[in-house]
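Next up: the structures, one after another.
There are two complexes below, and they share chain A, which is joined by chain B in the first and by chain C in the second.
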Partner chain A sequence: MTAYLFLAPALVFFGTFLIWPGLSLFVQTFHNGGVMSPAVFVGTENWERTFVDPLVLKTIWNTLRYCLMAIPAVFVIAMLFALALNSIPVGQTAFKTIIYYPTLQPILIAALMFTFVLHQDFGVLNIVMRAITGEPVNFLGDEDLAMPTIAMVEVWKGMGFWALLFLAGIQNLPRDLYHAAELDGAGPVRRFFQLTLPLLKPTFFFSVTFATIVNLQVFDSIFVLTDGGPFHSTASTTWYIYRSLFTFSEPGYGATLSFVLVLVVLVLTAIQSYAFRDKS
Partner chain B sequence: MWRLARRKRNAVSLKPTLPMVTVSYGVLMFAAIISIVPFLYILSTSVKDTNSLFSYPPEWIPDVLYWGNYAKLLQETSFLNWTLNTFMIGLAVTVLKLVIDAMAAYSLAKLQFAGKKTVSAVLLLAVAIPVAALVIPLFFLVRSMGLLNTYWALILPALANPLGIFLLRSFIVSLPDDLIHSARLDGAGELKIFAQIILPLIRSGLVVHAIFTFMLQYTNFLWPLVAIQSESRQVLTVGISSLKSNFVVDWGLISAASLLATIPITLLFIALQRFFLAQSLSSALKG
Partner chain C sequence: MNIRIWARSIAKGALAAPAIVGFGLWTSPVHGGGHVSGDITMIKGPHSADEARFEAMIIDDFKAVEPGVNVEFTTYDWANMNAELTAGFASGNPADVLYLVDLIYPNYAELGALLDMSDLVNSEEWAEERALIPEFAWDLARQGEGTWGVPVLGAVYNIYINKDLLAEAGVLDTWNNSYADMMDAAKKTTGDGVYGFSVRSRTGDFAFWDWFPYIHNAGADILTDDWSGCGLWGAEAATQFLIDMHEAGVTPPIGSMSTQEQFDLFKGGRIAIYHGETPQIGELNANPPGFDWDVAYAPPGEHGQTVMGNFGILSIASASPNQDAAWEFIKHWASGPQVGRFAEQVNLQVVREDIVADMFADNAAMRKVQQEFVPRVKGIQPHPQILKILQSIWPVAEQAYRGGMTGKQVIERMCAITDEILG
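What follows is the complex of A and B.
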């Protein structure tokens, strides 16, 4: 009895603000309207439209494209930083502090800061570009460059977090194996690929799963930097969900896309836990 | 004993070579520069008159420091309101969530009851639900409760996130059962055991949880953007982003706002650095 009482407050909020919205999300996929006027039942219309709507398909493709750029990039860079941090004799804390600093800021502030860094006239990155190529680069106004630029901002903001996470993983690895490997004549590169990477599998499982769930919802940086443009080249799924509620006034349609997002996340999480399962 | 000796000797032999150390410092200098330059750049922008922004080549340190951007930010926008709202909501959520999650974590870690496995499984599954996908139903729910555009709209839904329960549970599980048994034999009630024995022992877990929760609120954007309409009730992130939507973008004003917004979190970081850098990460791994 006491056990239930201790659990009750958490379950009340969990049920009201997570389970209930989750269930009503499903119901809403069969309705439309509701922002200004009452919601109307529309059957499977939203579902039929979703998978043939070019804009919706584009937002799904954009989101996946973004994840495929941002997640591998941030992991490789963070791993490089973690390995570097692990091999220096002094100054580790100072470097850790500096590299972690961008991670602390809301992504929104990071994105706003990058409007200055990327600005065509006075952006510091464009001052560098002008010095090298003589031409400023229109990072956010170019259809092909806009999404990689968003990914770059997110990588900048996330690299410190992942670097410190990987460093913690590396420092927790059993030392003895490394001595054995060294006695066998394995150089640092081979030690990294044959020992460090395989041993870090549990860290990677957590990291890939967590990064996928977070990055599939990319919104804040897009809202500030491009608002989905140019020509919807940075329109993400969450961006469309937000717009469907306030701009397009089609919450039922947005709910359908939200439901698709939930399914994509659950399926990817399941695949990842299968791929990373302990084979022993 | 010989193992310890061997470990010491080998630790010396595994020392990275000189070229590796040099390359590492090179990589880290690069990392440090790209981490810090954007902050220095907006600092420089914020003390410049917007017109002089466009001069080329740019001045990193202007001859005359211009404080007009900060004065305008504090006098003509709701910046102070936004900051206050963010901290009030962040603190309210953190305190409430700490209590609620610690209680649930204790129940799941040390008490026996029917349906425990099901409850854990449902909570764990919910961790994978993307919050962005719930914005639309949450909007209608909060509106039907009459809470739209109130602080409660930001506080109550934040209490539903189950991640913190698992974090605290991992701290409580490792406490010895005997501690609780002997307290029960002494006639202590569950509430007393929880408040006087469990909570003091998981202090570091509570700090990590508090930082984690507060940071999540501080950085929250999409939900306040949806749930709050009146400018004076808005939180910092959405408030600052609204400065950019004016027809003529006031770059000086935005840079001043972005820079000021980094200060509270920097102070918090300096005060609680060891929790940020070490413990939050290793406990995130466990959870």
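What follows is the complex of A and C.
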């Protein structure tokens, strides 16, 4: 009984803010309306529509494509920053602040800043591209480049967070193992691949899972920079949920798409848990 | 502020005062005067950074005649208007008075969130005011059996021309005689970092506004006259013309620039024929570019020469507990002196015909838009699904502008999408 009493606050919290909304959302998938008008039961109509709506598959693919671009890129860059920061003997705090700065920027500010980077005429990146190839690049207007460009903006914004997370992981690794490896003649590259990376596995598991969950919900940068265009090439699942709920006033369909996203997150998290399982 | 509108209003008041005193009865056609009370809220998207100040002027004037009503003004963000308004309606406590554009109000009306104002706007005491608003504007406020608001403001989607560039190319007087002349002008003015022609292309920029005059001039519309199906048949050639413009290399790279970025390029003298919207006139007047410019509209098509306009109405939430006060405030807001002053402050058009002659005395471009363009306006069809249809079909045009599709194929695909949405 005492145990249940101690658990009660947490159970009430999760029940109120997680389980009840989740159940309500699931019930909503079998209804139309329910936000501004009374909910009307429509059976599995919304689910059936999900399977035939070509935009659903496109948004899921776009979202996965974005994750495959953004997550590895931000991890590699963040790890390089973490290793660099770890090797700085003086002024580490100042560099940490500088690297973390983009993470603090609201997406609207980031979008405005990237206008000066990507703009066809005066964008810094396009000035460089023109100097190299003679032609500017239509970063956000080209269907093949728009999503990588959004991933680039998100990587810029996220690298500070992941760099500090990896740095914290690196700084908590046992020093004696590194000393032993050095005595055995292992160089920095070997120490990184055979000590640092394996020892950071728990950090990576958290990072990959967390980054996947967060990036599968990518919305604000897409909303601000492309609004899903050009012709839906950057439309993410969350963007489509937003459209369904608020632009098209279809809460039932939006709820169903939300559930589809939850299922995608669950499947990917399960795969990651399996991949990172402790084989020992 | 337009002094003449105010002067006329004051003069009218001075002339009317003896009669009012004589009869011992206030008979203003605009609003009742002191017979309602309570607190109401108004929500509106901002048309200016000074929106709150301009609204405060209207509210202060209202307070003078309806001292028992307190009006609280708040804004929604245009980009998130649907989300914010939906949240307000869903809360059961929405704003009493809502400024809604013709793209979004039909859906709220269909969902029962708005008060059918038919009885109010058709009442005898307001008949004189009602008659001052032209029928095309009322058509935009009607959907189904109801009238869902009082039309007050409009934003015309006009063309801006760089007269110097067109004159240099020898096409200043001919560029909008026909689509062929427009193409010719665009080609002749393109070069040396100058683009001859620009229209918006992104769905997020509501690019369909720039496309509308071309399909309207072709005699087509999004829906058929009875709104039962796709009405775009007939717009194939007009759409092909815009595709050809993009393929001719006379436009900025498709999708590379937002509305503001294209406008910046125009201000820099690097676009000859630019599709924009009238509030930009304010910026051009405040910071005159280094060239001669003018406002214009698209060349005539087979079925006319229209201008696209996007209109706003003042509605009352059906959940409003104080609809009488809300109606009094709307009558005040929509009255000539108030709406006229506001339109001049934010560079928008009015729909009332009685104040047009006095407006924009010092603003030639706005006067031209108000007096010449507004009568040519053909607005959208306020179908409950119109926003969904437009946002669903536009990616087809976005793709077509990049090549690989004909105007006929575009219309076929758009109609398939439209008919599917309409069921």
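By our rule, the second predicted complex is superposed on the first by the 250 of 280 C-alpha atoms of A that agree within 3 Å, B and C clash if a C-alpha of one lies under 4 Å from a C-alpha of the other, contacts with A are read in each partner's own complex, and residues count from 1 in each chain.
Throughout what follows, a residue touches a chain if its C-beta (ideal position, glycine included) is under 8 Å from a C-beta of that chain, and two chains touch if they have at least 3 such contacts.
Since we're looking at a predicted model, the values are computed, not measured.
Enquirer: Looking at the overlay on chain A, is there a clash between chain B and chain C, or do the two fit?
Expert: Verdict on chain A: clash between chain B and chain C.
Enquirer: Just chain B (first), just chain C (second), both, or neither: which does A:68 touch?
Expert: neither
Enquirer: Determine, under the contact definition given at the top, whether A:37 touches first (chain B), second (chain C), both, or neither.
Expert: second
Enquirer: If you stack the two complexes on chain A, which partner ends up touching A:141: first (chain B), second (chain C), both, or neither?
Expert: Touch partner of A:141: chain C, not chain B.
Enquirer: With both complexes overlaid on chain A, does A:232 touch chain B (first), chain C (second), both or neither?
Expert: A:232 sits against chain C, while chain B stays out of touch.
Enquirer: Looking at A:76, would you say it contacts chain B, chain C, both, or neither? Reply first, second, both or neither.
Expert: In the superposed model, A:76 contacts neither chain B nor chain C.
Enquirer: Thinking of the overlay built on chain A, is A:247 touched by chain B (first), by chain C (second), by both, or by neither?
Expert: After superposition on chain A, A:247 lies in contact with chain C alone.
Enquirer: Considering only the touch criterion stated at the top, classify A:121 as touching first (chain B), second (chain C), both, or neither.
Expert: Both: A:121 reaches chain B and chain C.
Enquirer: Regarding the shared-chain residue A:267, is it in contact with chain B (first), chain C (second), both, or neither?
Expert: neither
Enquirer: After superposition on the shared chain, which partner residues are touched by A:197: those of chain B (first), chain C (second), both, or neither?
Expert: neither
Enquirer: Of chain B and chain C, which one touches more of chain A's residues?
Expert: Between chain B and chain C, B touches the greater number of residues in chain A.
Enquirer: Name the residues of chain A shared by its contacts with chain B and its contacts with chain C.
Expert: In chain A, positions 115, 119, 121, 242, 245-246 sit in both the chain B and chain C interfaces.
Enquirer: Once bound in the complex, which stretches of chain A touch chain B?
Expert: 2-4, 6-7, 9-11, 13-14, 16-22, 24-25, 28, 34, 80-81, 83-85, 87-89, 91, 93, 95-102, 104-110, 112-117, 119, 121-122, 124, 127, 156, 159-160, 163-165, 168-169, 172, 175-176, 178-179, 182, 188, 202-203, 206, 209, 213, 216-217, 219-220, 223-224, 237-238, 241-242, 244-246, 251, 254-255, 258-259, 261-262, 265-266, 269
Enquirer: Mind listing the chain B positions that touch chain A in their complex?
Expert: Within the complex, chain B touches chain A at residues 7, 10-11, 13-14, 16-17, 20-21, 23-25, 27-28, 31-32, 34-39, 41-42, 45, 53-54, 56-58, 99-101, 103-104, 106-108, 111-113, 116, 119, 122-123, 126, 128-141, 156-157, 159-162, 165, 190, 194, 215, 218-222, 225-226, 236-237, 240-241, 244, 251, 254-255, 258, 261-262, 265-266, 269, 273, 276-278, 281-282, 284-285.
Enquirer: Taking the complex as given, what residues does chain C use to touch chain A?
Expert: 80, 82-83, 86, 89-90, 107-108, 111-113, 201-204, 252-257, 261, 265, 387-388, 391, 395-396, 398-399, 402
Enquirer: Taking the complex as given, what residues does chain A use to touch chain C?
Expert: Listed in rising order, the residues are 33, 35-37, 115, 119-121, 136, 138-143, 226-232, 242-243, 245-249.
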